[in-house]
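Chain naming follows the written order as A, B, C and D, and within any one chain the residues start at number 1.
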Amino acid sequence: MKNRVGIVGVGQTHHKSRNTDCKGQELIGIAVKRALESAELTMADIDSIVIGNMDHFESINYVDMWSVDGSGGYMKPIMKVTTGGTTGSAVGHAGFYHAASGLFDTVLAIGWEQNSESDTTAAISTCFDPIVEREFCGGAIGPLAAQYTAYMSKYGATEEDAALVSVRDHNNAAQCNPYAHLRQAITVEEVMKSPYISYPMKLLDMCPRSDGACAVIFAVEDKARRITERPAWILGVGDCHILVQVADGIGLANLPSLERAAGEAYKMAGITDPYRQFDVAELYVPASTAGVTWMEALGLCEEGGGPRLIRSGMTNMDGELPINPSGGVLATNPIGATGLIRIGEAALQVMGKAEKKQVEGAKVVVATGFGGCFWSDVTVISASPQLD
Amino acid sequence: MDKVAIIGVAQTKYQRYNPASHAEMAYEVTCKALEDAELTIDDIDNTITVCNDFWDGRTISCMTITEATGSHKVPTTNVEGDGTYGALMGIMRLLSGLHDITLVVAQSKVSEGIPAVITNAMFDPVYERILGLDAINSSALQMRSYMHKYGITEGQCANVSVKNHKNAKANPYAHMPLDITADDVLKSRLLADPIKLLDASPVSDGACAIIMAGEAVARKRCSNPVWIRGVGHCADAYHLGDRDLADVDALISAAGRAYGMAGIQDPVKEIDVAEVYDAFSYMELMWMEGLGFCGRGEGGDMIDSGTTQMDGALPVNPSGGVLSAHPVQVAGLARIAETVLQLRGEAGARQVKGAKVALAHGIEGACGQGHCVFILGR
Amino acid sequence: MAVSSEELGNTGTLKYPSRIKLPYTWHAGKAGSRFYREIKDHRKIWGTKCHRCGWVYVPPRETCPRCFLDIDEWVKVGDAGTLLTYTITRYSVPGIQPLEPPYALGIIKLDGASSGLVHLLGEIEPEDIRVGMRVQAVFREAREGNYLDIKYFRPLRS
Amino acid sequence: MEEQRSDSVPLSVAYMADMPYDYHAGFYYSRFLMELRDNKRIYGVKCPRCGKIYVPPRVVCRDCFVTMVEFVPVGNEGTLLAFTVTNFPYTDTTRGEPKNIPYTAAYIKLDGSDSNIVHCLEETDEKKIKAGLRVRAVFSETRTGDYFHDIDHFEIIH
């Protein structure tokens, strides 16, 4: 890497089911202003902007152009990146590359979605091939449900294991995160009693869809050091968009894209023993079932070891490797922002600014994004510019 | 900035209906660009796709061409915007030092959807969208504003169309090579006054790919690299009423940034050929002003003078421009590909002799709200 | 390398007619809601004014796009203004047009506003429209709280 | 337009977006769809390098990145890999109206194919379905070149 890049500011809205107080640009504006405030910068300090969401959630074309009233993009370089559920993490990575290229010193990355403006499942279902898949692929739920069916029969995981993930994330959101959308503590019994929406997935296993925005400011090393004493350094990025037909993702008991993206990011960052080296993880877990199955792709446990690790409690706030102190995606999901919130939350941890979510002494954190057709993005963020 | 070169380019022929699917078109240009660069897919270590969910009629539209571009094998991202923005993202990947060779692929099937419905979605859904605004009538508001403010005539705009459709006759990729006169343009069907049918670009399907590399790799792997000397992008205000539609502030800023990087002080003297995003005839005149090829309000004089003709001092759109083929998203990347051919001396019958420095330009949003400018050199 | 239809033994290629048809509900936000309520309830057009650059935005903004500062000053602007540019849409597009073409659109700089408002023009023949002419808002009788509560702008009668 | 009761409640704008698309099937899907329509045969395409057979057919082998041109028929029967009974309401994006539910999305590996397809299974009682079941395509009497119509559904082979 020629130019080291650090995160110097993070802002997000108070995520809600339905934010009617804000027109879309205003929602974006709130996150942007909070990010600027957190870094003690003004819009004049921003050299370029990257923004992302998914067009058909709000039915707005050329969002990079439409958003300038809220993004601050007036008479600035701005571009749009969109890759489905990974949009937020892709926006974060694009923000990183903007700065790492040396072309821009201080870069504002924005993810947002006002999911209450449309029927989220229907809008997502238009991501499937119109000729051979769309008719019978019901949004993101169906494929994920099918995947857990296969994992349960192969590794003996249970629906209760998934419920434990749901309880962990919801309770973290309730106790620690004032920005989270769902802030209600729940129990395993409540998850198990909630109605099936797509077997084996129950209502409380699924992420909500939210209205919200997140903004993260990236800066090249010398700028970053001038802006804050504790930047959150980007040590590694990886992304892998593995498939195009959703049917071909079936039978993948796990998530090979996450394994490959993690491999790239870990290599760049020098991560060799992820479970020990990471102090916190902010994972894009769109359904509790994925919280059981995907940890192994990140090297956090052995193959089929997801149920063991979840049952051990080690991923809870007081465990060895807390996962999703923010409450994660199960508590908050403005889709185009969701991946960027993971990066932002990871940065707050190493900057020591995570407040009630703070995991004491967090130095190295992994953030992930998930979306598209079983695609993954991975980001490794650290308190120091290189691993000790 | 460090040096980045374009080492391979490919385009499909642009046409009203390309029977190939999105993926099949993307695969065609991917293979041809690899062939042009004398590389294999294994040499590509990252990709940028350029897809738009509205034009492609699909959420996460980049899924459509992921495998066709080899993007499932390497780090990839999708830029939703004009192809020039995709190329810019590719440059940033290379300049980071984390990647060596980038493939950028843009594809578009404008003929699948209804352009007016798709461009209507550019306008704010709480406010102006309900007026039935689209790319054509919003541009008509801009054309009128420009003509009124600077005394530009419909005839001068028509002459852009005449020039570019004629140039297209020398471009085998062009969709609309035409022998027409200004009178033909002026008498063509009125779409939205003052825009007439022949002032407007056609509905085109097609794809374009470019392959870029950092300096060390480019020098080793390529005998005829074309260097990216400068790049700049910028956006103006969103609501049409927030802008003076006759002016081109964002383009001036984008060009200024690109010229600064490339060390260009007198664009007309230093640039040998330009490919600009003329979605409508009048746009070429406005963009020449924004690019500093002439003063503000002098776009009409510029076309009158013949400077931008094939035999002029600064030929603009030898390819026939966007007026002669308009695959949305692709069109800006095609401008880059065309300038690469010019700088390599491989532009065939549309070659501008001795071209050493070229400019390629893309736009984004309604009425050129956003611009991206590339300076390339031999 | 890509292949041709002949190589595949194809007898032709198919098109698959479909659509993306979905209901949307867009939030106008606080400022947008006040803008529409003032028109609906009082036939008055309001904008917001940036205290730094002085721009008066119609429709109102909560943030000045130019200065990126919060705006909280509301100002009433005139219901008459000057036509900055116009066009007559002469082609028909199913589903998105508010009127049967041909219909006229313009950008109007309302008296007291800095930005222009895009709207319909009515009660005038296309050939009589001129840039710079004075026009005035005609409000719809039954107003619902949307952009078309202003029915159109017509030439100002002195 | 929806008007809420209280004057302080923000307004919103409701609209049915309707965007028609003539999706181009291209060379590979066209051949696939025509074989279904004309001959009730399901075709895949075979990679000349690794020999893998992809259904539905596509231009490039995912693993080898080489052009595939050899169309080969695969079985009308196959194995159910995974399924999900979809029982939550959402909008059918081709009609803008509620989707017909419940339906069972079935992910199937056809005999002779190395990739999977998605279609619907007629059975919607999840207690009667499990991964590994054998299933068979049931074709419509009248076929039009539409995959989801020409194969009406898949049935469980008992």
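We take it that a contact is a pair of C-beta atoms (placed from the backbone, for glycine too) under 8 Å apart; a residue touches a chain by one contact, two chains touch by 3 or more.
Everything quoted here is computed from the prediction, not taken from an experiment.
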{"item": "Shortest walk length in steps over touching chains, chain C through to chain D", "value": "1"}
{"item": "Intercentroid distance (Cα basis), chain D paired with chain A, Å", "value": "29"}
{"item": "Centre-of-Cα separation between chain B and chain A, whole angstrom", "value": "34"}
{"item": "CA centroid of chain B to CA centroid of chain D, Å", "value": "36"}
{"item": "Multi-chain contact residues (two or more partners), chain B", "value": "19-20, 23-24, 27, 31, 54, 57, 67, 72, 114, 117-118, 121, 125-126, 237-239"}
{"item": "Residue list for chain A, restricted to those that touch at least two other chains", "value": "20-21, 23, 56, 58-59, 68-69, 74, 119, 122-123, 126, 130-131, 243"}
{"item": "Interface hub residues of chain C, defined as touching at least two other chains", "value": "1-2, 5, 13, 16, 18, 20, 22-30, 32, 65-66, 95, 146"}
{"item": "Chain contact graph, described as a line, ring, star, complete graph or other shape", "value": "complete"}
{"item": "Parts of chain B lying in touch with chain C, wherever the complex brings them together", "value": "19-20, 24, 27-28, 31-32, 35, 57, 114, 116-117, 120, 125-128, 130-134, 136-137, 140-142, 144-145, 148, 190-195, 237-242, 245"}
{"item": "Residues on chain A engaged by chain B in the complex (per definition of touch)", "value": "1-3, 23, 54-56, 58-69, 73-84, 90, 93-94, 97-98, 100-103, 123-124, 126-127, 129-130, 237-244, 264, 268, 371-373"}
{"item": "Contact set on chain B toward chain A in their complex", "value": "1-2, 23, 52-54, 57-60, 62-64, 66-67, 71-72, 75-81, 85, 88-89, 91-98, 118-119, 121-122, 124-126, 231-239, 249-250, 253-254, 257, 364-366, 369-370"}
{"item": "For the chain D and chain A complex, residues of the former touching the latter", "value": "9-10, 12, 17, 21, 23, 25, 29, 33, 56, 62, 81-88, 90-93, 99, 103, 105-109, 115-120, 126, 131, 147-148"}
{"item": "Chain D partner contacts - residues on chain C that touch it in the complex", "value": "1-3, 5, 7-30, 32-33, 36-37, 95, 144-146"}
